[in-house]
Structures are given as structure tokens and as C-alpha cells.
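What follows is chain A paired twice: with chain B in the first complex and chain C in the second.
Now for the complex of A and B:
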């Protein structure tokens, strides 16, 4: 895989961040330092309650502006300090899609759902419609404008939630376990749309997930969060071959990477560490050819 | 030949008022002691099927027999001692102030003597490893522990059949594996276990039989090896074999590696064996 060239524009800069929820004794996040560049596709892995959702909510200002608690350090998103600007203002920069689409969808028609954000920006009717059409086209829901959201499939609902976020023309899209309730095809639909946004529109993607097969195919960089700390980051290859790290953070790599780790434990090393079926196929063929 | 404990006969279920046909003329049998996984895309009918087997939903057409008895003729209490269902969202099933009370609720409603209720509660707590939570408020526990409380409550009814609609919310991979290994332990202890899930890698590893639903009908019903050898059929219900199986299927036959592998270890061992010889 050819590494993507990033503009060296830091878009999210997190400095010495620690965060405690109101009335909590322990830190939900601790000692976080991190820079994410414009156009990156970043996956966040870690076990349940490791701090992934907290991290996601840090990026659109929900933390601390809505949730309260104690935030140390600074979070800069698109040059804005999240503690100095309102959540509404940040919503123009950062869109968020949650695990349960039904927690996010609330109107009676697809078109109203997508128009809601831009309407609240007080935009002209024509501009609102332009954005709605564009967002529905990007997620592949054109023609469904009048459908009631509850009648959509799981993958369609999440794509609608993405469209609603897109209509705000954000520069960053955060997806918090947005595919965990979806079947494999719904998952593929969401990842494909997200990749398209990333590649064609340079939207920075930050996605917490457990689906390592898709992460391997789509993400540029993985962040591993464990007990509120960022304990590792690297390319999917680097992360999925680090068996000690995988065990510690309870991360399951793609099965093809597990196979390579298994063979390596038995002193059989593939030329290139595989994270996709294609790579593993090539690796095994090379082993059999004595390469 | 083991006896069928679940018989689904020409079951059709239509959700009113929208008229959505969730199951259409489904017939199947599950035998005593089987470990069955049900897979299929979102909306294929998995949950509707499980709910019809415990009588939470009543068939629009057809019927369901549990241990030979037409469930429309059993009382709720009777049925609950034969078959228990763990719902996809455990929170819909939790309502007591403590874990102990939660587990005791069912047996107490059977009118059992208090000593029997207590011994059942103790047994269920031990089986699911819930000792340190016994006085806790169930809804304050982690999602994985909440699911285990629900399983314990179901087990306290001493059913012979356990149906699990796998929780998807907030579960990580370890959580999914844990639910699956609890299911396997119940199976080893003699329960008939049916689990609905999307995790085909765990299905391949644990289940003996896989029922694939597609648009309310049974698309495939066979061993994991047989089901996962048909990727093109599975695609019709948005499913795919586990990645390791897909890799084995993609390898050139000339390597003489098995094509029907279900686990990473199986393929790994086969590679090692061929290369070391």
C-alpha cells in the first residue's frame, strides 16, 4: 500500500490532556499528547471503557462543554481551542456519528434529518437544499428523501447520520463505534462512504471501532487507548504484529495477521507482514516457493 | 437419535401495523443438546425467530413446539422453565435493585420455597462468576456483566434450552468471545444452546450447526464448514465466511492446503506441516 501524502497541516493538536468526569475519582483520559493532520484516516482501538468514546467527545467539545468534569491541558481543533468556543461553533468543524443511529435520528423524513443542521446555521434555503443534495449523494441515499428514517436498514441509518453531519461541511468526521451494530455489508457501506469522504473531500476521519479487518484496509494510523492512556500508535502493520501490545490492550488483529503471528511464533516469517487477504495470499505463496 | 426440543412448523410472522413480513414459512428442528448459531444480515429475522420460540411473539401462521408441546398451549411460567431467552439489549431485561433479587425474581414467581430459590440463586451466581456483584445495582454494572446477570436470571429458571440474542452494544471482541464461551460451557453442561450473532469467526470456532436466515427464510442449515464453503450464497444475506476461511479459499489449490479451514490455528498447522515435510 502506498502511503498517502499528508499536508503537513496539524488539524487536531492535543497537549497534556487529562480528563475526569464530574464526581469521578479516576481519570478517563490521562497524559494525552497527539497531533492529527488534515486528511488523515485514524482508527482508535482499545477495549470497552478504555476511553475511546471520551476521546471522541473531546474532539467536538461535548467534553467538557456539555459533560462538565475537569479538563487539563488543551485541545485545538482547526485552530480553535475547544474550551473557548461553543459546541455549536465546533459543530461546523467537527461532525460526529454515534454507535446507535436511532439515538441520533429524530425527524420523520430523510431530507429533514439532513437539513436540520444547516437550517440551524440560518443558511439560505437554496444553500440548505444544495448541501442536502450533496450530502445524500455522497452517502448514496439520493432518491430516499421522503423515506421515514425508521424504515431504513442499519447501514442506511448510519449513512443518514453521516449525511446529517456532512451537511454541516465539517473538516473532521468522528465516528464512535458507528458500525458495531451493523452486519458485514452495512459495515462495508459505512467504511466505503467514509473512505470516499477522506480521499475525495479530504475530510479527516477519526473512527473508534473493533473491526480490525476494515481498519487494516482503510486506516492510515491506529491509536491504541488502554485504561485512558494512549499506549501505542502506528500503521496497521506495526500495530497488528505487536503481539504483546495486542494482548495487553485486548485487541484482536485481522485473522490473516493472527496467522502471520502464529507462523512467526513457529519460526516461519512472511516476507511482508500481512493485514489483508491479498497480502497473506502472497506471503503464503512466497513461503511455499521458498522465497 | 436425539429428540427434537424445538420444532418450528411453517412459521410466518408479520409485524403489525406495517405488514412487515419478518419470517416466511420457516420450518426447522433443533435437537436436544445441539449448539446452533443463527446468522444473517440485520433484519433477516433472527430476533423474531427467537422471540417466537419463547412466546414473546405469537406466530401469524404456523406453530412452535418446545419439548413436544405447542407453546400456544403452555403458560408463560411453564414455558420459562423449558426455554429462556437472553435479549440483545440486557437492559430491557433488568429491573431489580440488586443482582441477587434480579436472579431470584423468576424462581420466586414459580412459587418455589425460599430455600430452593436461594440455592438456585447461589448456583447461578457461581456459574456466571457474579459473586462480587451480588449486592450491586444491576444497571450500574458494565455491559458484559449486565449480560451475565441476565443469563444467570434465565438459568435460575432451570430451562433446558437457552436462546441468546447476542448483545452488540458496547461490547468489545473480548466481550463477544466471553459470551460465546459461556454459551459453549452451557452446551457442555447439557443445555441446548441457540445463539444469534454476526461474529462468524466465533461461530466457526464454536458452533456445531449454523442456520443462515435471509429475508425471513432459511437460506442454509448445515455445519459451519459446509455453510462457510458457500460464500456466494452467504453474500445474499450480507454475510461472508471468516477471513481465515476466505484466505484458504483464495489460495491456489496447487499448494494443497485445506480449503475448509475454520480457525487460524487450523490453517497455521497445515502450513507448518507441509513446509516442514
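Now for the complex of A and C:
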């Protein structure tokens, strides 16, 4: 994958963040320090309940403004301290797509779903309709304006949720397990839309997921969260070849990486560590050719 | 889950009415229906509502569904009112023999009791069917817009309309849970014995309430994340306007209500 150039100015700066849910004894997140740049595609991996959702909701101020609890440290998003501004204000900067395709859609028509956000911002009707058309086109749902959201497929529902977030024109899009309830076709739909947003529109993507095959293809950087702590970060290559880390954080790497790790354990090392099928194919051919 | 379960799309005459007119209709009926004192007026109002349903362009099975839903409470109300209402013309002798202390001699069914029970239940039926007709023909966002145009703050209007939608939402959810239970050979809800069914209700209500609370939380997060509660005036992509047909409906309804009250008193 060609490495992307990122702007020098950091877009999200997290400093010494620890967070406890209301009435909880243990920290859901602890000792978090992190910088994310504009245009990055960041994947968050970790077990169920490791703190991935908490991290996602930290970025748009749902935590702590809506959920309460105890937040130490600071979260700066696009120059705004999430503890100083309302969730509604942050919604212009950070869009979020949740795991449950149904609970986050609550209107009777696709067009109203997408318009809900810009309407809340009090934009002119013409501007709202322009944004709705644009957002539906980006996610490939144009022509479905009058469909009731419950009648859409899983992949379409999540694309609609993305469109609804996009209509706010956010600079950052957070996807919290947004493909975990989708079949392979729906997953592919969502990932290709997200990649397009990242590449063509320079939207920063932060995505928590379990689907390492897709992460390997699209992500610039992986964050590994384990028991509320950021225990590692790096490129997909770096993360997926660290067998000790994978075991500790209970992350399943792409199958080709698993194969490469197995071969390495038996002293067969590929020239380039594979994370995609193409790389694995090349590596195996080279192994056979005795390079 | 389908959060718009109450709305049924269509282009009938009731669908096209301005939501403000429909809200006003609900308000007026809420005031007038309890004032009705004669069974024949209540029956006439019920028939009017049924006629409105018939010309609304909606499939009649929807009304049938609501009637089916209401039959239990209607039957219960009828029996209780018939027994408890005092009267002179006894039709059925006291259910409890006079020899029993304290409550002896109670529980007789009289002509007056029957008429009163009929009045209560027909009134309730007319009101409920009218409300359902409005909710079935009005998409929730237009409802909200109607309330806002009537002068309510957006967040309050949104809360009210969401509450209105709660019943169909919970119904859809309950059906889902019951189906899931049935798939695992749980048959208490199909039993004739009402006691057995009563005992099974906690098994339905627990997941229903927990599920509803979880979804409400998620929905609130989703809404906040899309700027719900922003400061400043909210805008709407749709607009509503009172047209001739709306004014005609308002006029006819007013006449109807005046006529009802005139006959009533």
C-alpha cells in the first residue's frame, strides 16, 4: 500500500485520558495518549468490552457530556475540547455510526433520516437538500429518498447511517463496530464507501471492528486496545506479525498473516510480511522459487 | 426494529390533511367524547369514525387489528361497569347472596348498568379508533412539525410525538419477543387458561422493558450525535400549509361537534 502523506497539524489530540462510567469502580479507559492526523484511516482492534466503544464515544463528546462519569485528561477534536462544547456542537466536526443498524435510524423516510442533522443545525432548506443529495450519492443510495429505513438491507441501513452523519459535513467519521451485524456483502459495501470518503474527501476515519481482513486492506494505522489501555499501535504489517501481541489482545489477524506467522515459526520467512491475499501469493511464489 | 410501526403510507384524504387539523381533531374529541351522555350519540360518533376509516383509503385489516387489540379492555370495562353501576331495573339478581356480610346483595346487573356500560365502552372505542386513524395516517415528523407550528418548542414536540409512537413500537417489539419464545416451544400465550397466560407475562415484559430502555439509550446517542438539541432555530425540509380542504374539514368538524353537543344537552 502506498503510504499517505498526512498534514502536520494533528486533528485529534488525546492527553492522559482516563475514564470511568457513572457508578463504575474500574476505569473503562486508562492512561490514554494519542494523536490522529487529518486524513488518516485508523482501525481500533480489541476484544469485546476492551473499551473500543468507549473510545469511539469519547471522540464526539457523548462521553462524558451525555453519559456522565468521570473523565480525567483532555480530548481535543479539531481544536475543540470535548468537555467544553456540547455534543450538538461537536456533531459538526465528528460523525458517528453505531453498531445497531436499527436503533440509530428513527425516521419514516430515507430523506428525513439524512435531513435530520442539518435540520437541527438550522440550515436553509436548499442547503439541506443539497447536502442530502450529496450524502446519498456518496453512499450510493440515490433514488431511495422515499423508502422507509426499516425496509432497507443491513448494508444499506449502515450506508444510510453514514449518509446521515455525512450530511453534517464532519471532518472525522467514527464507526463503532458498524459492520459487525452485516453479512460479507454489506461489510464490503460499508468499507468501500468509507474508503472512498477517506481517499476522495479526506475524511478522517476511525473505525472499531473485528474484521481484520478489511482492516489490513484499508487502514493506515491500527490501535490495539486491551482492558481499557492502548497497548500497541502501528501499521497493519507491524501489528499482525506480532504474535505475542495478537495472543494477548485476542485479535485474530487476517488468515494470510496467520499463515505467514506459522511459516515463520517454522523458519520459513517471506520477504514481505503479507496482510492481503496478493502479498501472500507473491510471498509464497518467492518462497517456492527459493528467493 | 421499526420505529415507525404506527404509520401506514398512503395518499388518502386523511393522509393529506394538515397535521395541525388532525391534532386539533384529537384535542376536540378528547374534550367532547367524555361529555356524551346518550348511547345513541356515542354509537353515531363511533359510526362516523368507522366511516372515516373506510374512506381513508387504508386497508380495513389495520382497523381490524386495532379492534382486536382493544377487545380485551373493552370487554373488561363493559363487565365491570355493568356490575358496578347502580340502577333500579334489575335484569340479573345479585351475584352475591344477601346473607353474605358486608358485600351481600351486590353485583346485580340492571338496565341502567347495561346502558352505562355500553355508553362507556362505545365512547372509548370511538375515541381510540379516531386516535389510531390520526396516528396511522400521519408520519411522525409531520406530527412534530404540526406541534411546532402550533407554537410548541421543538424538543417538547419531538418528545410528545415519540411518546405517541411508543405503543406501536412496543407492540412490534412484543411480537418479536413472543415469536422468538414460540420458536423455542414456549406456548403459554396460546393457552386458553387466562391464569397461565398471566403467569407468562413477566417472561414477555422483562425483555420488553429492558430492550426498550436499551434502544432508547442508543437512539438518544444517535440523535445527540446528529445535533439534536443544537442552539438556535431548527429548520425543516418539509412545510405544511392549510389548504381549502383543511378549512372545509375544520368547518364540517365544528358543525358536527356543535350538533353533537346540541343533541346531547
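The rule is simple: the second predicted complex is superposed on the first by the 291 of 291 C-alpha atoms of A that agree within 3 Å, B and C clash if a C-alpha of one lies under 4 Å from a C-alpha of the other, contacts with A are read in each partner's own complex, and residues count from 1 in each chain.
Convention: contacts are C-beta pairs under 8 Å (C-beta built on N, C-alpha and C of every residue); 3 or more make two chains touch, one makes a residue touch a chain.
Quantities reported herein were computed from a predicted structural model and do not represent experimental measurements.
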Which superposed partner A:115 touches (first chain B, second chain C, both, neither): second
Partner chain(s) touched by A:255 [first = chain B, second = chain C, both, neither]: first
First (chain B), second (chain C), both or neither touched by A:48: first
Touched partner set for A:123, first chain B, second chain C, both or neither: second
Which superposed partner A:277 touches (first chain B, second chain C, both, neither): first
Partner chain(s) touched by A:57 [first = chain B, second = chain C, both, neither]: second
Chain B versus chain C as contact partner of A:100, first or second or both or neither: both
Contacts of A:164 with chain B and chain C, given as first, second, both or neither: second
Touching partner for A:80 - first (chain B), second (chain C), both, neither: neither
Interface residues of chain A shared between complexes with chain B and chain C: 100
Interfacial residue positions of chain A with respect to chain B in the complex: 47-49, 99-100, 153-155, 177, 180-186, 210, 213, 250-252, 254-256, 258-259, 262-263, 266, 268, 277, 280-281, 284-285, 287-288
Of all residues in chain A, those that touch chain C in their complex: 57, 60, 62, 66, 86-89, 91-92, 94-96, 98, 100, 102-109, 111-112, 115-125, 128-129, 132, 148, 150, 161, 164-165, 168
Interface residues, chain C side, partner chain A - complex: 1-4, 7, 9, 139-141, 214-215, 218-238
Chain A-touching residues of chain B, taken from the complex the two chains share: 40-43, 142-144, 168-175, 198, 201, 238-240, 242-244, 246-247, 250-252, 255, 257, 264-265, 267-268, 271-272, 274-275
